[in-house]
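Some notes on the structure that comes next.
Here the chain labels run A, B, C and D in written order, and each chain numbers its own residues starting at 1.
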Amino acid sequence: MLRPESPQEDRISTLFWIMFGGCLVGLGVVAAFLLLGWLRRHRPGLPGGGGDNAGSGIVIVLGVAVPIVVLSALFWYSDLHALNATAAPAAGSGQLQVEVTGHQWFWEVRYPGTEAVTANEIHIPAGVGVELIAKTADVIHSFWVPRLARKIDMIPGHPNRIELYARDPGIYRGRCSEFCGLQHANMQLLVVAESQQQFQRWLADMGAPAAEPAGAHANRGRGLFLENACAGCHTIRGTAATGTLGPDLTHLGSRLTLGAGTLRNTTGDLAAWVLDPHQAKPGNRMPRLSLPKSDFNDLIAYLETLR
Amino acid sequence: MAIEVYTPTARRRVDRLDAIWTERPGLLGWLTTVNHKRIGLLFFFTSLAFFAAGGVEALLIRTQLAGPGLGVVSPSVFNQLFTVHGVTMIFLFVIPMGIGAFGNYLLPLMIGARDLAFPRLNMLSYWFFLASGCFIYAGLLMGDGPDQGWFSYVPLADREFSPGLGVDFYALGLIFNSMSTTATATNLIVTTFKARAPGMSLNRMPLFCYAQLAVSFVLVFALPALTVDLVFLELDRRLGFQFFEPANGGSTLLWQHLFWIFGHPEVYAIILPAMGIATSIIPAFAQRKMIAFPLVALAELLVGFIGFGVWAHHMFAVGMPTVTAIFFAGATLMVVIPSTIQIFAWTTTVAMGTPVFATPLLFIGGFIALFVTGGLSGIMFAAIPFDQAVTDTYFVVAHFHFIIFGAAVFPLLGGMYFWFPKVTGRMYNEPLGKASFWLAFLGTWLTFFPMHIVGLLGMTRRVYTYQPGLGWDAYNLAETIGSYLLAAGLVLIAVNLCLSLVRGPIAGPNPWHAPTLDWATPSPPPEFNFPVIPRVRSAYPMWDADDRLDDRRRLEDGELLFDAGHQMPATTVRDADLDEILKLPTESASPLLVALPVTLVFVMLLTSHYIGAGLCGALALVALAGWHSREPQAA
Amino acid sequence: MTSFEAAGARPRSLPNGWWGMLVFVAGEATLFGCLIGSYFYVRLQSVHWPQGGIEPKGVLVPIVLVAALASTSIFMQLASAAGVREHAGAAVAALLVALVVQSGYFAFEVHDFRADLAAFSPHDNGYASIYYTLLGADHAHVALGLLLNAWVLLRLLGGLTRYRLNALRAVTLYWHAVNVITLVVTATILSPSA
Amino acid sequence: MTRRLEALQWFGLFGGALAWTAQLVLGFGLAQGACSTGGSRLGIGTAVPQLALTAGAALITVLAGVAALAVAVATREGSHDGPPPIGRRRFLALGAVAANVLFLAIILNTGLLAAYQFPCRQS
């Protein structure tokens, strides 16, 4: 929020600094009064004590008149001017839509009008306003990428929208900011802003089904994936795996993180994750898999191919 | 300490009152007491115990968050800790401490009454409080504590996502707790209305009492919203109702609206007793009448009143229509004004008086600094776009801890020092008191101020851990160190007061030359508070020396003595004219006998024994009938 | 005047018990305010009302019943006034009339409630949930009022004391409040669907 | 005269508060109704009802403020700490003047901006 990357966030940041300045003044005035009292301690008879009604004027001016004016000004500035500049887009107004659905505890990301499905990672073209539709599959989550936009709650039966905009290409962190249960802390996401061409290529890749695994190990791994519990929860498009409880894994290998930002997506971390998902993210919904070592290696080899 | 008397007649009269009012000694006396001071002490020590528990929870939370990726407690335990920490501090500490202990003990003394309007109800309220607190903690101790956060949003709190008993402990416990709070609030309202000393018309009522009155009204009108909400939740969870199920025509936002209709006024109920205490301490130590007294009195009421119209600012990120959000943003800004009135009245009084910065006033100075800081960050939430950016981050955590720890608890701590001589008859240790203030004050800043910054950096609330490299580590470590400093400051207060209880010099009735009637009584006050009911001619009765001399004369003459049994005068609501003579009940086991079956009702509901709950409810009615068969009689 | 202890003389203004009851019913009114607010909140979210094809309630019977209940406010007030004038017998008589009418109302409503339950269940949808909860809360308050009245009646048969008079005046206020609440609740339930 | 002063004092004290309560409850209710599925058919989705409500509430608040001011002027000989009922009336009237200013500010701020922010859109 302090390093804004979008016009909306610029507004919010400016608003903050204005209010922060006001706060310093307010705090300064009160501190000055207290200091004055401190200087006058133990000194009866100083002029300025006044009668019963002395000082009421100060209270009326500083306690009523000035605040009413200042706060009314803030009200109109923030809740008209700034609010309308950061307002949610009307439904269907964006040239690009992305639909993000919160799950305990990961983010499902879809691009309406395309086949693309991914998780925990939103790609957008830099410099283009994207209409983000926020939904939830279970409890209330809240979508928040501090450097790009205000947050928006994901409420059951009540889809919400915000505009997601990144001025420059880059990777922006976000996290769930409404408490959503045991692993609320590990429900993070990344927004990857890239050039329009890169984005279009990425989107096309995401829309494609998984490639056929190359090599015997990976091929065996696919079999294991489909035979074991994996396929019951995960979808890999182009295979018989169509579970919906966990994130879509069709292009798992292309993502930067695992477990909604819990681990980096490296071979070692992937193996550690599949071996015991509860090590890094205790209590998440993915069960521990007990496979012989060779099977396990093949499974990982297969998952590595999902790019 | 005995009452100063100068003639045998007066002595005889005081002895007679003593004989009438003195309750049974020993444990049985404490179980059956109806005396507001004893009940106040019970509330005090019980809520203090819950404060200690909530403090330990806070330290565990801070220890877990001292660095990234720590494993001091498991995520499940962490979630229970912050949920129970919130519930404890709000429902089991600040409110019972503010009205149950401070209000109960001091309000009758300040208005020149001998007890609350409904002494037995007062004791019942204590039993409900104790039982509901134990009820909520039973869940935590059984490892099945509530873990859905203190505002318990559905659907997370529905049975599907919180299948254990934790949410039920929370919901039933809070319904039970609000019965206690409502009873105390009702009692305080009627007492302030009807039991003020003759002459104490509304314009002469101490500001402390205005604050207590405001809190009580806030609670009476806010708690029903919570009760309704919790009943909906339990009906959904246990009996399959559809209040919060959007697929079946319910609404998840209904929970949030009802919760915050209660929740935001509750925040003001938390801060108001503190404001009352500040307005007691400041004139005593500035040795000057409060500046803008009528404005301050009304401001205390207005804080509570306008506080009912701001609830949806907790929900600006839910995507409600802009036009509805506007109403709450506007009210949120203007609810600041009653507070600015008070802040400038306090600071101007200090600045224009001849202040003595003894420990209680130091705590109030600290309170003002913390309140202004937390208040200014609170103003920011009325700017909807900014609120939408920082809500549910540590910025909010910082803000409300400045308010409901810094601003609400510092005056309670200062008040403990201030009234320590009144309650115990002994003075506390001043150097230790100052040291404890600075430790607690600096600890508070170090704990809570960096939270603003990590919040702005993107750290969200209620995370049991975070990753390294986000730039949050140093701030979090500082916060944890601060929390231990703060704890040390609080322990030092306890040490000071415990030592002074034994070794402190004798204080006398009014060591501060304070202006309110609580200081007219000996320290500690006798069970009947006042041998003769004082007559009041200003808002600062102890500074009207003639009137207090007149009290002494009236004791000789037996005027306004009321010594034919447990008697107390009732006065009219507006102008406190003598109205009738009340006979108050004497000690009674009935409150305990009612509280026991009511507690069982909640246990039965928790364990789904609905028939058993009905039977226990019937038992409670029988006990109530027994209660009301014993009518207060003239002695 | 033997019935009041000498200390108190006649009460000049309303007793503490009445004020306590006033605060209590103010809280209960807020409770119903929240319930009714929830009713309309759920209703505004809904395209059809009542939801799920539930038949709206008939208008006539509830209105007659509520009118009967409201009339007991008069008898309660009479009982209270008789008590203040120390006419214990008149107070008992008026209270008895009120109690009979209130009991009749309650019996009818319980019957009605059971008939509703046979037609649709509170599990059906949001409307059913709030309908039963709102009505149930109202009936519970009537039931509590019946218990209070029965108790006060029983005590008054043993003679009039200040304590019992205070109870009578407080219970009278309680019934006024319950009657108003019942009126509003009924109006809410019967309010036409747009 | 005293009875009128008494009535003015209580009206001054509660007038603004009640006006704001009515504006908040009705204004929020109307807005909520106008912007929700079930309520959008009621034809209240315009700024006009909000403006009318705001004007009414503001008028009552101004009157209450004037009443409080009148009481304060009528009791200027007394002190707010003085004997009742004069002292009490002055005391409550002085507070009520400030309170009504405050309520007027809330009513006008929220009412006008709420009217401006129609039609409905998600915040």
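In this text, a contact is a pair of C-beta atoms (placed from the backbone, for glycine too) under 8 Å apart; a residue touches a chain by one contact, two chains touch by 3 or more.
Since the model is a prediction, treat every value here as computed from it, not as a measurement.
K.L.:
Going by the contact definition up top, give me the pair of chains with the most C-beta pairs touching.
P.N.:
The chain pair with the largest number of C-beta contacts is A-B.
K.L.:
Between chain A and chain D, what is the gap in Å from one C-alpha centre to the other?
P.N.:
41
K.L.:
Could you grab the centroid distance between chain B and chain D? Build each centroid from C-alpha atoms only and quote it in angstrom.
P.N.:
Going by mean C-alpha positions, chain B sits 30 Å from chain D.
K.L.:
Averaging only over C-alpha atoms, locate the centres of chain C and chain D and give their separation in whole Å.
P.N.:
The separation of the two C-alpha centroids amounts to 32 Å.
K.L.:
What whole-Å value do you get for the distance between chain A and chain C if each is reduced to the mean of its CA atoms?
P.N.:
51
K.L.:
For chain C, what residues touch not just one other chain but two or more?
P.N.:
41, 45-46
K.L.:
Check each residue of chain D and list the ones that touch at least two other chains.
P.N.:
In chain D, residues 32, 81, 98, 102, 105, 109, 113, 117, 121-123 touch at least two other chains, as defined above.
K.L.:
Of all the residues in chain B, which ones touch at least 2 other chains?
P.N.:
Those would be 251, 295, 319, 322, 325-326, 329-330, 333-334, 337, 341, 384, 388.
K.L.:
Provide the full list of chain pairs in touch.
P.N.:
A-B, A-D, B-C, B-D, C-D
K.L.:
Inside the complex, what are the residues of chain D that reach chain C?
P.N.:
Touching chain C: residues 29, 32-33, 36-39, 41-42 of chain D.
K.L.:
Show which residues of chain B lie in contact with chain D when the two form their complex.
P.N.:
201-204, 293-295, 297-299, 302, 305-306, 309, 316, 319-327, 329-331, 333-334, 337-338, 341, 384, 388, 537-539, 574-576
K.L.:
Which residues of chain D touch chain B in their complex?
P.N.:
Per the stated touch rule, the residues are 17, 20-21, 24, 27-28, 31-32, 34-35, 50, 80-85, 87-88, 90-92, 94-96, 98-99, 102, 105-106, 109-110, 113-114, 117-118, 120-123.
K.L.:
Could you pull out which chain A residues touch chain D in their complex?
P.N.:
52, 60, 64, 68, 72, 75-76, 79-80, 83, 87-88, 90, 160-161
K.L.:
With touch defined as at the start, can you tell me which chain A residues reach chain B in the complex?
P.N.:
1-2, 8-9, 11-12, 15-16, 19, 22-23, 26-27, 30-31, 33-34, 36-38, 40-46, 48-50, 52, 54-56, 58-60, 62-64, 67-68, 71-72, 74-75, 78-79, 82-83, 85-88, 104, 134, 138-140, 142, 144, 146, 150-153, 155-158, 160-161, 173, 175-186, 261, 282-283
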